[in-house]
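One chain, subunit A, links the two complexes that follow: it is found with subunit B in the first and with subunit C in the second.
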Partner chain A sequence: MRQSNKLSSIPESYYKRRRWAKAAWVYSALLLIATITLGTFLIAFMASLKDNALSEPTNFNFAQVRPSNWVSSMQLGLGGNQAPFFGGFSPGAELTFSVTYAVTNDQTFSIPVIKIPRRRPGTGMAATLTTDFAADYALVSEPKIIERNDNVSYIFKRGIKNESKQGKSVTWQFSIRYLGDGPVIDTVPLDITTPREQVLINSSLDPSRFERRGRVASWVNVSPGVIGYVFRSYVRVWNESVSLETGKSMFLSWTYNSFIIALAKVLLTVFIACSAGYALARMNFSGVRSIFLLMIFSMTIPGQVTFISNYEIFNKLGLLNTPWAVITMLVASGQVLIMKQFFEKFPKELEEAALVDGASPIAILWHVFLPLAKPALASIIILGFQGAWNDFFWPMVVLTSPADIYTLPVGLLSLRNAYGVAGDWSLILAGSFLTTIPVLIVFIIFQKHFTGNNIGTAVKG
Partner chain B sequence: MAQLTLTKINKTYGEGQESHHIIKDAQLSINNQEFVVFVGPSGCGKSTMLRMIAGLEDISSGELKFDDDIVNELSPAERGVGMVFQSYALYPHMTVRENIAFGLKYTRKDWCKKQKMAAVEEVADILELTALLDRKPSDMSGGQRQRVAIGRALVRQPRVFLLDEPLSNLDAAMRVRMRAKIAEFHKKFQSTIVYVTHDQVEAMTLADKVVVLNDGNIEQVGPPLELYHHPKTEFVAKFIGSPKMNIIKVDLLEKSATSTRFSWGNHSVTTQKVLPSTLTNGQFSLGIRPEDISLDSSSDIEVMVENVEFLGAETNLLCRCSTSGEEMLIRCNGTVEVSLGQAVNISFPDDSIHLFCDGKAVSIDGC
Partner chain C sequence: MSMKTLQRNFYGWLLVLPFVITLVVFFVFALIRTVKYSFTDYDLFSEANFVGINNYINLLTDELFLRATINTISFSLVVTIIQTMLALGLAVLLNSRIKAKSFFRTAFYVPSILSSASVTLIFIWIYQKNGFLNGFISQLSELSSYFVLGLFSLAVVQLVQIAHQRFIGLPTKFFDPLLALISMITTIIVIIIVSKLGLLETTTVKVAVNWLGSRDDFGPMPVTLWAITIQNIYTTVPTIMLLFLAGLQTIPHDLYEAADIDGANKWQQLFHITIPQLAPVTFVVITLGIIGTLQMFDQVALLGTSSPLESRITLAYYVYYQAFSDSGTPNIGASSAAALILGIITLCIVFLQNKFGVKEKS
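Coming up: the complex of A and B.
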């Protein structure tokens, strides 16, 4: 009696608060997990946009995310090639560019030295194919002073230290014109050299980097267009994975190879998993158990143990450097296990009903079991596709030349190796991001089948 | 439609010491168009027997014939059986139409699509499923699913219809309705039906012929009323009829050419039944159905009422014999007034006595 009195005296707001607190716990936990898993993804994506992926400290306020740069890159792209998105430099182009420099009040300005260098557009393998340089066609006008300011504060970088300074500034404007007739050129690099004390405080487009302790401000492309500017690494992945023989982008053929191989592997896996899973789950033949144990045992052998002998076998078969070498290298024990466990949960009567209805074991598998095994099939397809898509070691061993038979992961490695150095991480990050897209699509297509099945309605009422 | 002949059918599981003998030398013939019900307690082998007839279970030894064909090695579809499972076992991912038509795909390959669809429509019409044809099993009630399961078996026009406890998942009211429906189907299609149940009411109401199984043996085969009136064994006597028959263990006191006297406790009973001359010793028991016992103050058999169940139309009295301690159930009409602990005197007519010796019915008067 006392107990119930006590309970009834608790105000409704208490329960309300308790419900909210519960919801808050649940959602903050979910948010935390989402942040941790998505956070790394986001940081890597941001890094793939930067001029220097490894720049320290990690920040989210870099040139490519500033709207001012989007606007000017679009204007420059329009000026250079009538192409606001991808830019370029074509006959008749005129780019107008301005730079603002500052010095302290006791110093004098010197006129910046503007130069368009003969620079290859990137570090990828295909950068060596470039034969047309903007330097051969561009004419830079004399810089004109268009604005002066006698009172500016700016930051002077001395090593890793930033010094605040007060002084005056001057804005120069100049134009880059395409002289005469010629090919469309992808990039217009630009170097502007000034004395050490004269600091660049503003420009039409933020410079890609400073060289020679800040004396040289360098732009990789002053006619990029907005996509060419923000997603420069992604455009480069496409452009710089060009086949040296055919001149076509190999990224597409790598994607195609990966896709065909992954698809074939998934089909083969599904076929083996379903038929073997069904046999192991539902057919009573002698040796079922030992086959199953052998299969489980095979899961414990790492691929690296057997790869040399496998390589020899594929060599003898003459399958090296063909997709078959990758497709047939299949370990489906895990998937067989998944299907076996799933099929075992099906009521036996369902199979017997089909048997009475005259269906053969294959018909039972195809018309009764598989439609009911969609969740398991979806997981097999997603996991199998992802595994095949990301498979790196074995394709690297058996796919060596020519470069356009590579799969994507092997192709990405070749990007990194263009000059035999590990460096251009933006390029590799961008390539990695592009490779994740097909897996995402597969996941989105098949995830709705994860919702479960209605096998329970087969029996009882 | 077919006639079934089972000859010395055996079923064993396992081997050597571990082996279990499930069905022992079953001998049975099922006539064309007959409705046969297998009935028995759980574990008696009735479902196994049905599954052997269906072809879902191997026959260890013996011969199973459909008409003149030995079908031991044939698959269910080749035998031409239609089966309804206790759990219905509908295909959950298919609509009712697809469920019913599924079997036609394999067993009626010679039919064109139109014929198949017509057959499905016809069956749906009979089973009142027409409105549900495009629904899935998950959207249906137990009774509806049951009808689909029946339709699935019916559409192929099987030689033998097998039903494995088809009503046990339904509620009581639905069970009664479906029971009537099944009886109606049988009349309509004149099919050979083998029906398994543990519910003797279903057996009594539906069957042309009841097969009572116990522990792998066929105890008795016969029409329901024959089983009720002339059980061949004590087991059948107890199993058929509800409430079950009272069995009183008795001693043979005296046997003459015109009558026999038995005793139990302080009581003795004289009956006009004459034992065969060869039968002199053994464990005798008397079986008396609860509805045959009447309250009779002139009788000298006195029992104590231990429990009273008023069922409205009738009243069941659970009594105990004051001297021998035998339990006895009496069914009397609903107007009778008795109270707990009251002593009542009972009697039963001579011709309602079933006499058993060592569990087997004693044939009386040479019959």
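Coming up: the complex of A and C.
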């Protein structure tokens, strides 16, 4: 009796609170999924900023994200080449650099040995480039002591363990000058060697890495400029992928090729899809059925089944290794289908009036149907651009040499082959993100068409 | 034939001609040539000799080809099934009455706009032996004692609350959303307090799974292909989700209202209204999924020599590998035969799915 009384008197607020809680769970789930989709790119992007994308993969507090390094890289870029953003080392330059070392109270300091090594910047493709070495033009001054501190605590690394220590520190300052006249040099690497017990606790710019069990602090470039420092891998992708014949940045050529090919393909696709889609949908001519079946059949057959014959055709025409081989190899079955299904939805009266007036089917398509087909056109343009931009298999088959002729995805493959062995993942990731930018821009501009319902309804028919 | 029919045929063929030309040259002619080459020892340079069905016999005894076939079919089935279910779930979740729908839709869609080459490279980085995934798993396993504590606390707090509610006579279910939320928040607070006080020991764990380079199998396919499976699902789910979303919006509301009146709960509505009504979309999604995954190539090429060939090879890559492998002369005969087998497998699976799987009309 008491039980049923209670049940019948459950207040509305009981259900209301539960609805709120349910919404909270739904939003948490959505946020979690958004974290996975966006977070993957965020961590990869952060890693692309690191000197070595594989070092401490889950640590995202590294030198390139610290504002103190942004300021000093800017100052060093100014000192080296009057270039706060991209840095460099030019005649008349003078870089001032300071390093602070600490030892325990019972130890003595030894003067650090400063050296500008003759080291090739980067790996992979950069190894084949001829470069001027900063070592041939730079003069390093004697380090002089500018500050002493008798009471510092610091961390001494032993293997993967960190030991806290108490001791004293000394700050040395030295300058790197460009002697005489000569070329502008991109990078000024720096190695500073000290005994193992003497620990580097501060420096103008955080070192890129430690070598020989912590004895050598090594900088890849002490005159980077702020962009050259934070986005080093991106600058490297651009600079190091240089064509040996023309000396132009291949990344630029790849981007250009990808754009031209994607645009041309989209134009061709729109032309073919509109005319064929219209004919198949609205004109009951003899042969419609067989063309339609052939079209569906062609959509199920993988591109690998037909590629050898197509390769031979372009080989015979002498069009291999030209953009034409990629642009004209186009069977737009999917897009024709989208347009056909879209055109089928309109009532018959739409063209009948025009037919009575004696308009030709081409005029009807142009004046009556195309203006109505904007949503379907938007989806085939976007899908077409995206498809052409990302196309990998066929460009890889027909674009083989010289490397200037690649599209971006094929270029990425060559970057991966050139740098993957050396484990230079910062650069490969940077390349991946650079290729992404144009599609990202297209996406932001046409966002509604991407995620709106046009594509869905158009495909679904 | 009347003048009108003649005119219609003329314009019809005129308009469809550009498409038919590409279709005939790049598809029909190419297909015929592939069939022809598959019976020869053609190598692109010298004259082709007829060799009968030798290429096919050789394929059936080539271990790499058999491996590629098994890999391809397993990969295709696993990816298609998982991605369809995930995308459907996401679409239903996103279709609930929520604010900021367009933000979530955009955020979920991002993986689909990037080229498979970029995404594959990003994932190869994630999967490196000393890469992010292993690092992340290591960190999680270092915190495993906290997970145990969390689960324990969740269960206890939830049980206490349910007991209380039942005691005062409310018909609260075990997975009541409000109580679960309270339990979750309590658990988070407990974990924060425990970690601040340092009451639980954490161990140092170093996970170093060889995701890409191993020769091991897991279930129907190599570990490497499982890694690629995750990447592939990640990139294709958003597109499929959009197709489902569009489909969901065409389902008439009265169906749900009627079900509400009949007292059907949300799960019953999902299985008896939503899923049957979505059958046409599901048919398209599954068919496109099968066709797309059977030709998986990009990822295999981008993995390159960092993984053993047999742990990553698919039929599409086998076809390319026979024709343009770095060493040796192009083996167009074998390549064409393998390509045709790939085509036939595709047709068969699409046919079987059409016959026994999800049908276009429910």
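Throughout what follows, the second predicted complex is superposed on the first by the 390 of 461 C-alpha atoms of A that agree within 3 Å, B and C clash if a C-alpha of one lies under 4 Å from a C-alpha of the other, contacts with A are read in each partner's own complex, and residues count from 1 in each chain.
Everything that follows uses one rule, which is that a residue touches a chain if its C-beta (ideal position, glycine included) is under 8 Å from a C-beta of that chain, and two chains touch if they have at least 3 such contacts.
In this text, all values refer to a predicted model and were calculated from it rather than measured experimentally.
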(request) Return first, second, both or neither, reflecting whether A:H367 touches subunit B, subunit C, both chains, or no partner chain. (result) first
(request) Figure out whether A:Y154 sits in contact with subunit B (first) or subunit C (second), or with both, or with neither. (result) neither
(message) Is A:G358 touching anything from subunit B or subunit C once the two structures are fitted on A? First, second, both or neither.
(response) first
(message) After the superposition on A, what does A:F314 contact: first (subunit B), second (subunit C), both or neither?
(response) neither
(request) Quick one: classify A:F89 as touching subunit B (first), subunit C (second), both or neither. (result) neither
(message) If we overlay the two complexes on their shared chain A, which of subunit B and subunit C does A:P347 touch? Say first, second, both or neither.
(response) first
(request) Determine, under the contact definition given at the top, whether A:F174 touches first (subunit B), second (subunit C), both, or neither. (result) neither
(message) Of the two partners subunit B and subunit C, which one touches more residues belonging to subunit A?
(response) C
(request) Starting from the residues of subunit A touching subunit B, keep only those that also touch subunit C in the other complex, and list them. (result) 360, 453, 455-457, 459-460
(request) Give every residue of subunit B touching subunit A within the complex, in rising order. (result) 54-56, 75-77, 81-83, 85-93, 102-103, 105-107, 136-138, 141-143, 145-146, 152-153, 156, 169-170
(message) Residue numbers of subunit A touching subunit C in their complex, please.
(response) 2-3, 6-7, 10, 14, 17-18, 20-27, 29-30, 33-34, 37-38, 40-41, 43-44, 47, 53-54, 56-58, 271-273, 275-276, 278-280, 283-288, 291, 294-295, 298-310, 312-313, 329-333, 336, 360-362, 365, 386, 389-390, 392-393, 396-397, 408-409, 412-413, 416-417, 420, 425, 428-429, 431-433, 435-436, 439-440, 443, 447, 450-451, 453, 455-457, 459-460
(request) Give every residue of subunit A touching subunit B within the complex, in rising order. (result) 347, 349-350, 352-360, 363, 367-368, 371-372, 453-461
(request) Under the touch definition given earlier, write down the residues of subunit C that touch subunit A in their complex. (result) 8-9, 11-16, 18-20, 22-23, 25-31, 33-34, 37, 44, 90, 93-94, 96, 98, 102, 104-111, 113-119, 121-122, 124-126, 128, 130-132, 134-136, 138-139, 168-171, 176-178, 180-181, 234, 238, 242-243, 245-247, 249, 280-281, 284, 291, 294-295, 297-298, 301-302, 304, 306, 315-316, 319-320, 323-324, 332, 335-336, 339-340, 342-343, 346-347, 350
